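The following blocks contain the structures, represented as structure tokens.
Below are two complexes that have chain A in common, paired first with chain B and then with chain C.
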Partner chain A sequence: MLSQAVVKRLKEIVGEKNVVTDKVGLLTYGYDGTLLSGEALGVVSPTTTEQVVEIVKLMNEQDIKLVPRGAGTNESGGTIPSEKSVVISFTKMTKIHEIDTENFVAVVEPGVINFDLQVELAKKNFYFPPDPSSFKASTIGGNLGECSGGPKCFKYGVTRDYMLGLEVVLPNGKVIQTGGRNFQSEPGYDLTRIIVGSEGILGLVTKVFVRILPIPRAKKTMLALYDKVEDASQTVADIVAAGIIPTTLELMDNLLINTTEDFTHAGLPRDAGAVLIIEVDGYPEDMDGQVKTIGEIASKIAKEFKVAQTAVEVDQIWTSRRSAFGSVARVRPSYGVNDITVPRSNFPKAIGGVLKVAKDFGVTIGVVAHAGDGNLHPLILFDQRNKEETETVHAAEQALCMMALDLEGTISGEHGIGLVKKKYLDKEFTPAAMEAFRKIKRSFDPSNRFNPGKIIDL
Partner chain B sequence: MGVLADVYEMLNTCNKCGGCHTACKTYKLTGSEEMSTRGRIQLIKAVADGKLEPNEEYEDAIMSCLLCGECAVTCPNGVHGNELVMAARRDLKLRKGIKPFAKSFALKTLASPKRLGMGFRLFGGMGKSVLNKIDGLDYFRGIDIKNFPTAKKPFLEQVPEKIKVQNPKHKVGFYVGCFLNHSLDQTAHSVVKVLTKNDCEVIIPKDQVCCGLPQYCYGDYETAKTNARKTIDTFLDKYSDAEVVLTACASCGSMLRHDYLKLFADEPSYLPKVKLFCDKVVEFSEYMAKIGVDQSKLHNSSPLTVTYHDPCHMVRGLKATKQPRELLQMIPRVDYKEMFEANRCCGAAGLIQAFYHEVSTDITDQKTQNIKDTNADLVATSCPACMLRLQGGINKAGQKQKVMHVADVMANAYED
Partner chain C sequence: MSDVNISKLKGIVGDAYVIDSPSEMAKYLKGQGKPAVVVLPASTSEVSSIVKLANEKNVKLGVGGAVVDTQGITGGIAMVMSRMNRILEMDHLNLVAVVEPGLLHKDFILKVAEAGLNFPPEPYVIETSSVGGCFAIGDSDSKSFEYGPTRTFLLGFEMVLPTGEILEIGNKCIKNVSGLDFIHFAVGSQGTFGIFTKLLVKLLPVPEAKKAVIGTFASMHKANATFNTLIKRNVHPTRMNLINASLAKIAKPGTEGQLVIIDLQGFKESGKNIANEVASVLTLGGGSDVKIIEEGAEYDQVINGWLKVRAELNAKPSEIVEFVVGPMKMPQALSQLEAQTGDLGAYPGIIVEGLLGYVCLALPEGTDKLALARKVNKLAMSLGGNVKGLLGHKLKAEVYNDAEMWKQTTSLLSELRQQFDPKGILNPGVSLEA
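For the complex of A and B:
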């Protein structure tokens, strides 16, 4: 419990309404998108950088840890409160300071929801390319903390590639600005890129300079249907080998087609083994040629290839894809999601690997993937209330990680390490590299105050 | 676990993806997780699991839900957050009873026609004259009380039981509802006018009572059932010649057509009669669109820009969105403009506007802005509670738009 004196100080800093210490409040800030949970001593929601600084100083005085949190939709346990910690929630820092269409920059607070930013940008015919499936709920601060990807990252890259500069409150309470609205990287170390993806263990971001792009003039959305998920993975490899870069290249297997179809009724064929959602964008005159080439490649293996004709059809397809994670509780109540990623050319082998793990461990796995990036999201379905089954699932998850590493891949493409994948990190990195991680953490946060226990143990 | 046991599998089906955050206005406007659908579901689950003793903060989380139902259509897993909140409210009622104010207002006053009539008359007379003398008390918790309309006499006392027409093509039973009876009686007259202009004989049972929705929403199923049974028996036994039971209140409509079935699910012997009744229930716009309106009889001399607000119980309860828009656009010289988020809650949400006025005022302000952005002269809707809330919000913002029921807009287009 926080002492009355500390609660009083926190309330003086952020106001009465923005401090939570009751059981109900603590319970709702104790979970995220994973199956893990914890309980903090309190939750504090600042609305300005100055308040964040004051909170950090106060917590330092009191030797209390801080766990930063956005919308709490992450898939790696990155926002689960650790012992003796206060959650610092950024959901009330939601200002969009500026949209600068001349310099292709937007300046936002970390609590701005990705979708809300997209809505404001769209009014000026601009957009922010990173669009994780959770984008209607997740915040820009959370996106940068985890370095989220999204369907568009095959062509456009991940969150890291759109971060121009940050305002960061360091663990000692000092404020620094990294980068800014310049496109060229900053002189010296690229501090922006060290903070992005660091899951809040190095600093608390209070302002973000993001890169924005004009909305492409034209796009085409295609569907290719397959009997088997392995067949779809071959088309992915073929498209990449042909040197074509679609905006998106997304794969869903039969299980996900059915669970999402229950929700969206988008008309995806329930008997298909897999579907590839392929989208290209650019100038209107380029569309037909790209569609034709992709159609020819896909049709070599696909049992059906079609181009979406209406905006409504396109919307429904995307609603299906984006609701994939959310929809699987229709089959079983719990899921473990992985975001293993392999070099594109190894994608078919990785699909084979996932199918083998499902068979070897006797578990149900639904596969959805940002196939163009080689980023797979095998969803292992189970019931957390069954202890034995849960243990089998953990073993299967480990096998998936090892399989990805064997294929020269990584254990995490975009969800972060958090708590869930921490135990596999030293399988991917050598002891010397792990020590480099620790040294960076210590140089920012020698007393281990920010989001302790995430990514690495000191 | 009690009543929560019945919904436990649905509670457990929420896998905390957060997809509902975007659907939940109380979350979007507060940024507080316990005010989100996901938060509420996890709290209800904690109570069901015995990990949380229902306390005051828990009650606030459960009672501040708008019950707008948007989360249910947004959840990819098909988890109906609003139904889980209803179960939690029932659970709370059985554990602790209902808070005094809600109890006296929603349950006792609304449930009794006499008390309700008296309450409205007292407010409309003495209450308003007192209010007018107090400076700065135009708004009570965001509610525009000085302009809150009260009928001089209940609508049911103003009209005969049967309103005949020359060549009747249909016989319509009119379920008036509390708001149209005591507050917006002019709208009730509009409904009758449009029906009779379209050759419908109107039957208006005098002994009709509150549909039971307010009591149902606060977990008092017993009182809700008493009123529901009275309503069903009145229309089916005494006025069986009415082809349909028509209401101009989307909330009543949703209760009469859908929730009665849930309410009587545990009474198999009565259920067939409930089903018979539910099948007869129709909302005003649904009915007019179904029987067809003769467009040539509609007149309007000056250009009018109109927008439409979908009441929660209309769009997600009765699932009727096309009909009111079609009717409005049949009127000559009407320029129809769609507003942003037309189908999202206006902030009234039953008694939420009084109990959780801070968040509901923010919701209404957003709605009011969306209305302003359309440059409409007139906002049409299908629920008297929305009408009052919207007009209050518009007045408070210093805007000029007039809020009317679809029936009022249509009635104005008929020559007397």
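For the complex of A and C:
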């Protein structure tokens, strides 16, 4: 419990209605996209950098930890409150300060929802490439905290590649700026890069300078249907070998085709073993040639290959993909999602590995994948209320992580480490690398005040 | 007297690769410092042993690919990585290469091209830059708008830490957010966190077509105005560069006036149309001798001309001032700059990377660099930019009248450096104070 005096001080800083201390209120901030939960001492929602500074100072004085939070959609447990902590929620810092299309930069507060920024940018025929599937709810601050990916990474990279500069409140309550409005403003070390993906353990971001791009003049969306998942992965390898860099190579297996079909009625054939969504963008005059090459490659193996002819068709295809995670709830009440990633050449083996884990542990696993990136989302379906089943699922998740590492991959391609994958981190990294992480954490936050226990322990 | 133990060094790398006669050392060194010895290791374990030896006696150690900057290592060791110059793996399926740090950047580009692939970062100084140096400096260049800055091409590395310990990190996945992002944080750290001994580099397919459009202009303002036109027309070439008259002759002998170089890498069909569009924008904008270059050898000549100019400026970091503004703010920037520099064409050197809004000034002899940088920074800040890098941060903090922010930033940088290099022995000439 926070003392009356501290609650009073917090209310003085951010205003009465921006402090939550009641049991029911706290409960709602105890969850994120994972199955974990925790309870904070309080939730405070600042609206300015100055308020963030005041909160940090007060919490330091009181020896209370701070856990930053955006929309809480993350899949890593990165925002689960730790013991004796106050959640600092950035959902009220939602100003878009500036959209400067002429100079390819936008300046936003961390609580701006990714989709809201996209809508504003689209009015000017621009966009912000990182768009994780959660983009209708997740915030820019959250995206940068976890270094989110999404379906366009194969061509456009992840969140870190679009962060030009940050305003950061350090654990000592001081404010610094990293980077700027361009690629050339880092102060000696690339501080922006180390803060992106650090899940709030190094600093609290209060302003973000993001790189924005004009919407490509043309794009083409294609669908290829396969009997087997393995066949789809061959097409992926062949497209890359042909020197084409699609924006998207999304794969869904039969289970996901059926669950999304139940929900969206997009018209995907329910008997297909896998579907591959392929998208290319660029100049209009280059589209036909690329579509032709891709069509020839896919048709060698696919049982059907289609090019979307209208915007409505494109929308239908994407609605299926974007609702993939949610749609499985019709099968079982809970799902465990993973974001293991392997080198592209090992993708077929990883698919085989997922099937083996499903068999070995007797669990149902559906697969969605950013196939071009070698990034898989095996969804393990189960019922969290069944303790025994839940334990089996955790064991299966561990087996998936180990499988990815055996294939020279990583345990996290786009979701981050948080609490969920922290226990496997030293399987991926050598002691020297783990110590490098701790050196960095110690430099920023020697007293371990910001989001303690996430990613690493000091 | 130096604490360097020559015989132990010889025991590590062999007699032939420890050089302590000043006349033989000279070709490996630049700057005013006087290291006691040049050593050329051939393997990670040799690098590690040398660093451990340096630790025992607190000997300072500077590292370079072909040439070592001697600042801060008088009496110490200059480590040259040029023997570690192998490409260990070229993986076509995953579009990655594993390469040693001492391979010359220009040679790496050649080998990658021979393999039918593409490594976009420009060599910093054509003749001497190494792949290790490329990532140690970790800059952006005039192709970064399209391809991203240098760091985006590093997926992992092996590094010898300032304590001699070996750290390996990264994998062949193009998407990896596991742990803290030490992989990209190390890029640009100028060898202060450790010495790269192996680099896992991301490659791309070769573009289907390459073309260049060049033209000369009577004034920098007119030339630059065409860049704004192109951006407004939603044309974003691979490179969109401008070289003032003084330097243009180096890029292309015989050039009269300011030289515009537009590089178009991409597909055949759009390439043709865009080249025509660019050529007409340059011509209508007042350019003369506007030419579309399609032939490979001539294209390479034009690009190499650009790289040569770039290299000359990069070779003298103390004699240049670099700043960035919003790309569309460049006309105002150049006009205001003229008040400081006089005729832009006649100034010793000015280059503009149009898509990045970047300007590099080669200073006339005797210029007070800091005083000019201060003025230029104010100008740039009013146009959405600043002087580049650490110096820019210092000057920005001055303008904000925020000494505390500057103090916080530098104390964070030095704390980070100290965590990795508690004895301060590695590349002590690198300053994090601006």
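Criterion: the second predicted complex is superposed on the first by the 456 of 458 C-alpha atoms of A that agree within 3 Å, B and C clash if a C-alpha of one lies under 4 Å from a C-alpha of the other, contacts with A are read in each partner's own complex, and residues count from 1 in each chain.
By definition in this document, a contact is a pair of C-beta atoms (placed from the backbone, for glycine too) under 8 Å apart; a residue touches a chain by one contact, two chains touch by 3 or more.
If you're wondering where the values come from, they're calculated on a predicted model, not measured in any experiment.
Room for both chain B and chain C is found when the two structures are superposed via chain A, with no clash between them. Touch criterion met: A:Tyr29 reaches chain B, while chain C stays clear of it.
By the document's definition of touching, of the two partners only chain C reaches A:Gln177; chain B does not. Shared-chain residue A:Asn103: touches chain C; no touch with chain B. Once the two complexes are laid over each other on the shared chain, residue contacts for A:Ser198 go to chain C alone; chain B is not touched. Of the two partner chains, chain B is the only one touched by A:Ser334; chain C is not. For chain A, the partner with contacts to more residues, out of chain B and chain C, is C. By the touch criterion stated above, A:Lys92 is placed in contact with chain B alone, chain C being left untouched.
Once chain A of one complex is fitted onto chain A of the other, the partner contacts of A:Gln51 are absent, as it touches neither chain B nor chain C. When the shared chain is aligned, chain B comes close enough to touch A:Phe325, but chain C does not. Residue contacts after overlaying the shared chain place A:Lys136 against chain B, while chain C stays out of touching range.
Overlay on chain A (Cα): least separation between chain B and chain C is 21 Å. Taken in their complex, chain C has these residues touching chain A: 91-96, 138-140, 144, 148-149, 151-152, 161, 165-169, 171-182, 184-185, 187-189, 193, 204-206, 208, 231, 234, 236, 266-270, 273-274, 322, 324, 326-329, 356-358, 384-386, 388-390, 392-393, 396, 404-405, 408-409, 412-413, 415-416, 419-420, 432, 434. Looking at the complex, you find that chain A touches chain B at residues 20, 22-25, 27-29, 31-34, 45, 71-73, 89, 91-92, 94, 111, 113, 115, 134, 136-138, 259-260, 262-263, 323-330, 333-335, 385.
The touching residues of chain B, when paired with chain A in their complex, are 9, 12-22, 31-34, 36, 39, 42-43, 46, 52, 55, 57-58, 61, 75-79.
Of all the residues in chain A, the ones that touch chain C in their complex are 100, 102-105, 146-147, 149, 153-154, 157-158, 160-161, 170, 172, 174-177, 180-191, 193-194, 196-198, 214, 217, 237, 240-241, 243-245, 282-286, 289-290, 341-345, 370, 373-375, 408-417, 421, 425, 428-430, 432-434, 436-437, 439-444, 455-456.
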